[in-house]
Amino acid sequence: MLAARVALRLGTLDLDVTIDAAPGEIVAVLGPNGAGKSTFLRAVAGLVPLDRGRVEVDAVVLEDVALRIHLPPERRPIGVVFQDYLLFPHLSALENVAFGLRARGVAARDARVRAGSWLDRLGLSEHANARPGALSGGQAQKVALARALAIDPRVLLLDEPLAALDASARGSVRRDLKRHLASFAGVRIVITHDPLEALALADRLVILEGGRVIQTGSPAAVTQRPRSRYIADLVGVNLLRGTSAAGQVAVAGGASLQSADAVDGEVFAVIHPRAVALHRARPEGSPRNVWRGRTSALDYQGDRVRVGVEGEMPIIAEVTPAAVRELDLAEGGEIWVSVKATEITVYPA
Amino acid sequence: AEPNPTGTPQIKDINVFAAASLTDAFTRVYDEYAKSNARVRFIFNFGSSSTLATQITNGAPADLFASADQANMQKIVDAMLTDGTPTAFATNRLEIAVLPGNPKKISSLADLARSDVILVLAAPTVPAGKYALEALSKTGVSAKPQSQEVDVRAVLNKVSLGEADAGIVYVTDVKSAGGRVTGVAIPEEQQVLARYPIAVVKSSKNAELAHGFMDYVLSPAGQNVLAEFGFSKP
Amino acid sequence: MRSERPPALFVALAAVGVAFFVLPLVGLVSRASWQTALGDLTSPEALTALRLSLVVSLAATALALLLGVPLAWIYARVPFRGRDVIRALTTLPMILPPVVGGVALLFAFGRRGLVGQALDAMFGIRIPFTTAGAILAATFVAMPFLVLTVESGLRSMDRRYEDAARTLGAGRWLVFRRVTLPLIAPSVFAGAVLCWARALGEFGATITFAGNLPGTTQTLPLAVYIALETRPEVAIMLSLVLLGVSLFILIAMRDRYLRGV
Amino acid sequence: MRSERPPALFVALAAVGVAFFVLPLVGLVSRASWQTALGDLTSPEALTALRLSLVVSLAATALALLLGVPLAWIYARVPFRGRDVIRALTTLPMILPPVVGGVALLFAFGRRGLVGQALDAMFGIRIPFTTAGAILAATFVAMPFLVLTVESGLRSMDRRYEDAARTLGAGRWLVFRRVTLPLIAPSVFAGAVLCWARALGEFGATITFAGNLPGTTQTLPLAVYIALETRPEVAIMLSLVLLGVSLFILIAMRDRYLRGV
Amino acid sequence: MLAARVALRLGTLDLDVTIDAAPGEIVAVLGPNGAGKSTFLRAVAGLVPLDRGRVEVDAVVLEDVALRIHLPPERRPIGVVFQDYLLFPHLSALENVAFGLRARGVAARDARVRAGSWLDRLGLSEHANARPGALSGGQAQKVALARALAIDPRVLLLDEPLAALDASARGSVRRDLKRHLASFAGVRIVITHDPLEALALADRLVILEGGRVIQTGSPAAVTQRPRSRYIADLVGVNLLRGTSAAGQVAVAGGASLQSADAVDGEVFAVIHPRAVALHRARPEGSPRNVWRGRTSALDYQGDRVRVGVEGEMPIIAEVTPAAVRELDLAEGGEIWVSVKATEITVYPA
């Protein structure tokens, strides 16, 4: 169990974050550059002192500003996998993993045996004697993981564990990481700014922006009901904010949408780009929301094309390449947009 | 001396602080002296007289101090660091050092004022420089040196390396330089004598032995060796 | 490393620069009398001076490492009021005329000096005119090279490695020994070599503070100075030995001292 | 920069290190006779020496910049056979006893020297005993500081900026002037300051090569040395001036010379 | 027009690449880390000399090893946007853009005016006097683009123009970049290792691996018929290699697939994960390819889940989270896999 309230100022960052995690839970902390994710992790690990707050693991207080308690990092039951892994370049993979055991007073021979069995478990026994410079990104990550796990921590913190990897290697390393994380029983906190990573690895997401938690919940809840532009962009949906009354949502800019969800007051409205239909001429029929716009950008993404539409209600639509040809879409051309009321999710802001 | 475990008599170290111009002469004097005094080992610290004086006034473990001039010896006397009054043990005379073969045909102090002669002297603050200026003024010559070297050895080096055509140094310097410079004698009426005083340092733990060596330097045997190097009687 | 065709002006100026340095050394070599070289160099005086020079310079380097590495660590890691002033003070000997340094050392550690007086009175320890004094003089002028190099190494190292070590359970001392020191080893090595080389060539502070006692404080540079008077050919030969040793160090180090400095 | 609570052992060792440097300086200050200080410092001799020191050290720095920056550029950019040896040769003066350096300079540029002979015969130019000689001597010992610092700056700069400039149509000279030089400006500045400070304190090579004539070659360190013979209190005062100037430079530079070096 | 054959060795890289591009064409060079992409670009720009080969722009020979022609970079009509942009840190945005004009002898005042109008065009006039350190990633990229375009090049080379950006900023910057690239008439070559970027920006893809071109073609052709694991992984499809005879493809490992495409000989077979169906029990009915496996990894990607299936024919399937629940999928569980013959694309290797 981890219960952390971390409040501190560092340079321009004003961080005040509370995160609790149950044993066995995998929490992803997601946020843009400079949100304070790494600083939060460093504070929990004891590497940055808090200005206010308290860090508790399994009911043991590691830090409490009010009580003047501050356990140094080396005495916290916390394993950290750092961004860029930070394997000691002058030690072999085995010695890296054995480092924590040695530091805790395990005899040299014993430490090597135990480190070796960790490398075994992660399928790296061949590379035990390799220096970090000779390891691939994925291998280095596993060594870093072994090093952090070898000290038998209660909490495991991972800072952007996939950021240092090549795009083509990321998929398989992520799958491996997920498997290995699953075999660790304590709390796991994964920091990332890649939504795929967060969705793939975590039970729960915590979204950080500007040093504050702006949303938290299961991956499904967060992706379905994003509460900020940042998440909506990451998930790739259209997010609008407005005031709802009787199924009618008045969004900023003067336009209005009809929705099947009945929520009144300040709301968010989410429209998936797939649910946005484009037409050459004004469409007839069931869709209740129809407006005119101008295509601003075509973004080919493999078998789909994202089309930005500017106008009174800017929106992004997702269509097939075939549709682009049929509609003869060109940047700057006029286009009609329609969205069914049932495709608009509305929830309180 | 206390007997030491091996039974052989213990060797005493005597520190002699001596002006650099005494380097060769004192080394030889000591060689002679050592023939009859095996129990004593002399360690020489050669340097400029003023450096040595500074070192002694700052507590250097000197037993004996041989200065190239009175002024620096006076500093030790003033600091009340001498054991007995200093005694002059040698004098040195000035000589004009010129390039081997004397290409500029310099024959007297007056020639040093010639515009085609590059002259170097020791700085007026060091003994050799002070004496040189005295000699020049006795002659009524106003020569302009190109450099006021920090010590007489530097003057000699400038001449022996061919940078300067002439310099005023001690007779002993010309002698020790071998063939690297030629000496042009300065007539007696223009001469300035440099007196070398020697004294035992008060804090010496071996004052007796130090006095012994001092006496040897002043003895005919010692004086003969000094004369070989160009020193005159005090 | 990529190479580049150098502009002619650069080559010309650089050539003048090199000539300016190399010609004097060629001059030294050309004046050496090679016939008597062997005898000059293997004379007891020369060998004694050489041995003493090695002892003094190595001891000075060891002392500089002992005091200088912690000092560099503090400069690099602990911001405190007056740090810039203190650092400048401890860098001064690098640019102070060594003779002045020697006088200052006498004022501090001489028998009448600020500390020397107490040392003498309380323990009967006298530093000047001992080999220890020569070592102190060499350390005084050479240690700033080590401190600057190690500080710069500490500043440019990635401190996150130390964080990683701490989260693994290593206390500060263990982190320093097992992580920091290995990571800055190239800088420490480069600093130590520069320091050694500077100590090897030290003259002014030594002769002033420690005197010129053969076998005790007369290091190679002092022997050169003394020999210059009466036997310049020996002096030149000894200089060339000194020069050769230094050159060997600098070449053996190649880019090391560059990277470190 | 993060600060850290320093381990006690480090503080103790570092304190010993600082004391070792600071005590001699305190010693100097304590022996100064402040009553006569004003008179000593404003005497015509002192002012002449100070003025000459400034002229010589600044000129030496300018010369070192002119020759040293191209040299550093070639060392950093043009791999050629024997580069390590040449670089070591041009670094030697940093660690050579300056007196030996002065003798070597005489062998090269003296009246009988390798080059000096020709200069004298052909143009009637003689360098020793002139201010130019003092400048050369100072340049000889101080320039390696500049070359090393600039080379290290060049090596650590991101050369891709130069590539970018070239694709924009800039020839090599323009690239050097408008991109390389501005980017390594901190290193050049730091190197120049170190070089200046070293030139300001230069003694041994100057006295050996250029001699000691008030107003022409007697710089402040030479005046200190000469005064040491007869008026130590003046020498101490002058040393303190020298020390003050150097200290001011080093403090004003703060981390600059560190980053550059 | 650009016609380049670049052959050289550098360290462990052995590069031999021929790329031709018509005026107005946008070519994306795609490949993993260390493939030699940047080296190729540097060689075309004249920053790395060729060992063999020839570079020609609009029928002017810039470099020809056989003819001993080597125009230095400053005399090539080529603009480069470097990775990390490499804006001169000591110059303002305006001075950066004016740099190339000044280097070409344009008078200071004139150069500033023209640089200013470039910044205008890219919507950056406000930031004309800002130093690069004060610009955001997207702004810096635009300044770099303006700087490269200001010298009026015939060919524009871009090295990973989006790599330096935060994930959340990438989408909008990519759209802007696309618009600005469209307004440049010459050849544009974009280097990247991000397939989204390549697909979004380029008319044609060139795939580089280990210093060699292994595939080239339109985005659609390359994604539909990948010829290497690298591309298949990037595009996210299953790629198998085997020998085909009479609609029967014998793949490595002994298994065999039925395909509707009739190609004989050495072939590649592509199966989209969406076309891979999973079943608790052996399925009955039309699918001709049915085999058994064991789930190895579940990879949640927003509204889809990628399921790795191990067995005699390892394959990745894409299903909905609902299907995961229904099938009660767990890692290591047994599962049946079916693929319709018509969903298997087979083409000559």
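We call the chains A, B, C, D and E, going by the order they appear; numbering starts again at 1 in every chain.
Rule of thumb we're sticking to: contacts are C-beta pairs under 8 Å (C-beta built on N, C-alpha and C of every residue); 3 or more make two chains touch, one makes a residue touch a chain.
This one's a predicted model, so the numbers in the text were calculated from it and none came from an experiment.
Chemist: Starting at subunit D, figure out the least number of steps needed to reach subunit E through touching chains.
Modeler: Minimum step count, subunit D to subunit E: 1.
Chemist: For copies subunit C and subunit D, work out whether under half or over half of the interface numbers are shared, and give different or same accordingly.
Modeler: Comparing the two copies, subunit C and subunit D contact each other through largely the same residue numbers, since over half are shared.
Chemist: When all chain pairs are ranked by how many C-beta pairs they have in contact, which pair ranks first?
Modeler: C-D
Chemist: Rounded to the nearest whole Å, what is the centre-to-centre distance of subunit B and subunit D, using the mean of the C-alpha atoms as each centre?
Modeler: So the centre of subunit B lies 35 Å away from the centre of subunit D.
Chemist: Measure off the straight-line distance from the CA centroid of subunit A to the CA centroid of subunit B, and report it in whole Å.
Modeler: 86
Chemist: Using mean CA coordinates as chain centres, what's the gap between subunit B and subunit C in Å?
Modeler: The answer is 33 Å.
Chemist: Report the inter-centroid distance (CA atoms only) between subunit A and subunit D in whole Å.
Modeler: 55
Chemist: Scan subunit B for residues touching two or more other chains and write them down.
Modeler: Only 54, 157 qualify.
Chemist: If I count partner chains per residue in subunit D, which residues reach a count of at least 2?
Modeler: Those would be 103, 106-107, 225, 228.
Chemist: Which residue numbers or ranges of subunit A touch two or more of the other chains?
Modeler: none
Chemist: Okay, what are all the chain pairs that touch?
Modeler: A-C, A-E, B-C, B-D, C-D, D-E
Chemist: Residues of subunit B touching subunit D in their complex?
Modeler: 48, 50, 54, 71, 118, 120, 123, 125-126, 145-150, 154, 157-158, 161-163
Chemist: State the interface residues of subunit D toward subunit E in the complex, per the touch definition above.
Modeler: 158, 160-161, 163-171, 174, 178-179, 182-183, 185
Chemist: Across the complex, what residues on subunit A touch subunit C?
Modeler: 42, 45-47, 72-76, 78-80, 82, 84, 86, 88-90, 99-100, 103-104, 147-148, 151
Chemist: Please output the residues of subunit A touching subunit E within their complex, sorted ascending.
Modeler: My answer: residues 32-33, 166-168, 171, 174-175, 178-179, 182, 193-196, 199-200, 219-220, 223, 230, 233-236, 296-303, 308, 321, 331.
Chemist: Can you check the complex and tell me which residues of subunit D touch subunit C?
Modeler: Result: residues 1-4, 6-7, 9-11, 13-14, 16-18, 20-28, 30-31, 66-68, 70-71, 73-74, 77-79, 84-101, 103-109, 113-115, 136, 139-140, 143, 147-149, 151-152, 155, 159, 172-173, 176, 194, 197-198, 200-204, 221, 224-225, 228, 235-236, 239, 242-243, 246-247, 250-251, 254-255, 257-259, 261 of subunit D touch subunit C.
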